[in-house]
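Structures are listed in the sections that come next.
First subunit A sits with subunit B, and in the next complex the same chain sits with subunit C.
Let's turn to the complex of A and B:
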């Protein structure tokens, strides 16, 4: 039942993203266009490139979707409304998201096109930039909760949301999440202006539909993780407590998704070398000081 | 039954209920690939987004091929390839495009205007709704899509035959590859860059063949199912595995080969030093190879030190192999042949053994009479001596061999001449078998597998790991070395002529070493040479045709013709009229710079800016002086915002700088501090208070700043001019004279000289600013990261229309 509910929530979220992307990218607010587009995918040919690596070409988008859905399994929408409440949930999330890299490289390699291939390898570089900045802020979050379980992490924020408790960690995690979901300005693997679609460039028809859907799921998962780790998950913000728990989760996730989709539209695509340099030189030092600070605060002021 | 119109590019299948629904959805979801490009659409006054069209970044994501205006031949062929790459159902919408030649007849046609576009789109939606699926669809074919199969030797790229067979040089079986029919017409059929459409193998023939569009042909053929015959374009063979042509010779890779310096890098054998220290390429501590190893690496085979193999390309191999074969009468097709020099070949020419033996490709000492797996590594045993057996029947006498170089066999103990390792004793049973040659037969199959010459010492010293197994040094040693020391396969990738981040019609071809640009070539595919009929052309007609050929700056061209004619005839026009013409040129400069900002923003992912700049360009395109004055506030505000965009500086600063004071003109020159502007000495401009703007840095950021400043300056000039009218080129009957003029177009000074003969233009020659810049794209992008290189090229604001290819 939970699985069904969460899959429904994911589909609703994907629709929301499609509407929002139509608005931010094309400046057209249309509730029906995403439905037409989705249907149209199945009418178009799904072209198989000639010298493809068929296994990678087919498996890439599917693996991406699987990785996204697996990661969604540990995101709680309400107490009990979670596919599996693992004791190591936060770690599991990381493990599932590691496959995003694998899937993207496979999808880039599979079609045997230069743009896709470069896009896939670019994401490998991007992974090196964001990977530590996903893990290290989560470490600090888990330190406060004294647990890796995502539900316990949410409950640990009863007094004060982590976004206020460890703002440095939040900023780092949010930017890393943009990188993981390859959203602008970190959309290096699928850059339209640089790579004509990159990893997506050779996919058409139903395969492209799977790839795009998988990407939306990844965005939703990252928004869900941000809400779980930093915005107190289903906890109400103190006022207007009349809404059910799942609604709070939904609202928060949609708001974070909207911010993720629009935040990067007003800055140019980041140069890969600079992204790596900033992530390591600045990001990791900040992440370490965040862990230290949270450790000190957790010892001194018990909230 | 009523006959239903079916799209030419429909999918096969009868219309049924579900398909009707899907077709209706597809009619609402039109995504266009714009030919020549969105920049031309804006310059022609089309608001594509306003008409409900989404733009595709690659033909793969497009359902409509939108053709604007007549296309030059080069672009037509490229458009044909792009069309073939689009998934069905696909449509062609042609606005005033005339003859499409190799493309199928357009599904819908219309006028090149916003109203025409909207009308055509309505028709197209109806057509898609009704005819997205058809029972019998005729596949389209075009010469641009034809490929020819030719055969070439994997080792000797210069060997090309029409028939399969063996290489006359090394006897290897020739492998098939595809090329475009009718030779390599450069980028003509490069299609959309997006699709890596060139056959990588072609790279072996040199840069002239970059990016031809063999790939597209596969859209022909059965399209009964989704995959049918679409194989598309992905002709980038094996991820460019064969494309690793060393375009620039890396002579430095060879330079230390013959010396015997004591220290070298385990990863970069070419790094050698007389003193201990760290490798300048990778920072590893330099190691002291054994004296014998040095010996091995640096000669001893009479090949002048081929052993490490790094950095020398196929041409080198050719030579190398020729040498080898002559010297040893040896037909094994692998790279490593050094070991055969005199060792253990006493039995050459003996009868081949009747018994088939199997051996492990990795462990030559494993020999078996029956097929199976290697007891050491589990690999499938391969038949020994099957391909090279005749020559290498047996090494009966061999009792010692090198653990690293199985081809080295000796009947006495000692050290390997290649790597200096101690030779190990081979058991008599194994020694009877063609041990060493198994390696050949196995390796011969993959021509890419290099020899064993250059094992890094690091790999050799790790216990438990088969020497050379997955060794980076081994895997990459035949690849060209780039200055950063990383060896990678080089691939040639076309960017354009319909690449989203570059001006439409610009054919940029990059040779990529990883994501670093190793070489670049740019071509204006849209440019057509000025051609005049025998009896000359009337001035007005000439002016119109020149303007049509240069859709990005037609007004400046009109002004150029008009001024050249006035100079020829020796007549002038009234000052206020001349000022009005200047205002028209300045208005075009504003629009052109705004259009450049839109393209540039699109490339950088600044979607909002792209949209806004494009909108303003459209609004100002035909605006009156009053309207321009009204818009100037909005434009100024936008430009200020552009320059304040966060993180823009770090993306643009020091990108795209020319390292010398080149004879350029226009914003590129002025941004580098070169005070050159044709407007400077023009009395009309002086009266309007023109003063030259220049920058100093000469990078992409300086160009952006300069263009923003020039837009604001042009607003001032138009305001002071007060009136605006387009330059005309009529009259001049019965004048016979020479005349020339220079006009500062938005991209720099253009010069036109023409000859009037009885009121007709009989000769004309045009020099445009983009030609000089196009030739320098290679230097500009050398060794830049791909994204930076594209920023650099885009920052030049090249005009593919003004420079005949």
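Let's turn to the complex of A and C:
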């Protein structure tokens, strides 16, 4: 039952993202357009390139979708409304999301196209930039909650949300989440405008539909993780507590998704070298000081 | 719930997702197959085949970062169990990890001073 509900929530969220993305890109708000576009994908031809690595080419989008769905399995929407409440939930999220890199490199290598290949390798550089900034802020969150279970992490924020408790960690995690979901300004592997679609360049028809769906699931999961770790998950923000728990999760996740999709739209794309330099020189230093700060606060203040 | 049934659910979820994708592909296949036409299978390089082969070795220009990344990633493997017992252990845990992190941070600073933190 939980599995069904959460998968339904995932598809509703993916639909919402499609509507929102159409709105931000084409400046046209239409509820029916995503349905027509999705249907059109199945009518289009699914072309294979001349020389291809069929296993990698086919596995790329599927692996991306599997990684997204597995990561969604540890994100709670309400008390008890979670697919698997693993004791190592926060770690499992990292493990599942590591496959995003593998999937994108496979998708880049598979079709033997120059643009796709460059997009895939770029994402490897991007991974080295964002990966530590995903795991280090999560450590600080786990220090406060004394657990890696995502439900315990949400419950630990009863008195004060982590976004106020460890704002540095939140900013680092949010920017790294943009990098993981390759959203602008960190959309190096697809890079509309300079790579002709990058890893998406050779995908057409049904395969492209799966790739796009997987990307939406990844964005949703990153928004869900941000809400779980920093915005108190299903906890109501004090006022107007009449809504049910799952509604709060839904509202928060949708707001964070909307911010993720629109935040970087007007910022120029960051070059890989610059992204690596900033995240290792500034990001890692801030993340280590965040761990230290949270460590001191957690020992002094009992909340 | 015990750990093993949970992992069984995750495995079922993986298989279910793969099955879902195969269903979608089957649906697309039923709607119609792609026609074999000359030139359609050329990769997106302005309509011509690329001059240079694509499957070759590339210079990983960020290898300095990549090596540091390995060290930091291993360190995170220690950080996760530490973070769970942190409040229980108190000041001892802070000092223990503080020394460890200080050494690691010195390593980062040394690498930085030697020019590891730039695209080679």
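The definition used in the following text is that the second predicted complex is superposed on the first by the 303 of 303 C-alpha atoms of A that agree within 3 Å, B and C clash if a C-alpha of one lies under 4 Å from a C-alpha of the other, contacts with A are read in each partner's own complex, and residues count from 1 in each chain.
Just so it is clear, a contact is a pair of C-beta atoms (placed from the backbone, for glycine too) under 8 Å apart; a residue touches a chain by one contact, two chains touch by 3 or more.
Fair warning: this is a prediction, and the values are worked out from it, not measured in the lab.
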Which of subunit B and subunit C A:56 touches, first, second, both or neither: neither
Which superposed partner A:229 touches (first subunit B, second subunit C, both, neither): neither
Contacts of A:27 with subunit B and subunit C, given as first, second, both or neither: first
Which of subunit B and subunit C A:40 touches, first, second, both or neither: first
Partner chain in contact with A:3 - subunit B first, subunit C second, else both or neither: second
Subunit B versus subunit C as contact partner of A:265, first or second or both or neither: first
Subunit B versus subunit C as contact partner of A:194, first or second or both or neither: first
Touched partner set for A:130, first subunit B, second subunit C, both or neither: neither
Contacts of A:205 with subunit B and subunit C, given as first, second, both or neither: both
Overlap of subunit C and subunit B interfaces on subunit A (superposed complexes): 42-43, 45-50, 109, 111-117, 121, 196-197, 201-202, 205-206, 272-273
For the subunit A and subunit C complex, residues of the former touching the latter: 3, 41-43, 45-50, 61-62, 65-66, 69-70, 73, 83-87, 91, 109, 111-117, 121, 124-125, 128-129, 131-132, 135-136, 139-140, 142-143, 146-148, 196-197, 201-202, 205-207, 209-210, 272-273, 276-277, 280-281, 284-285, 288, 291-292, 295-296, 298-299
Contacting residues of subunit C [partner subunit A, same complex]: 1, 3, 6-7, 9-10, 13-14, 17-18, 21, 24-25, 27-28, 31-32, 34-35, 40-45, 49-50, 52, 54-55, 58, 60-62, 65-66, 68-69, 72-73, 76, 79-80, 83-88, 90-91, 94, 97-98, 101, 105, 108, 112, 117-119
Subunit B partner contacts - residues on subunit A that touch it in the complex: 24-28, 32-33, 35-37, 39-40, 42-52, 109, 111-118, 121-122, 184-185, 187-188, 191-194, 196-197, 200-206, 208, 264-274
Residue ranges of subunit B in contact with subunit A within the complex: 11, 19, 21-23, 25-26, 28-29, 49, 52, 54, 57-58, 60-61, 63, 85, 87-89, 132, 192-196, 215, 218, 223, 226-227, 230-240, 491, 493, 499-501, 512, 514-515, 602-609, 611, 645-648, 650-651, 785-788, 790
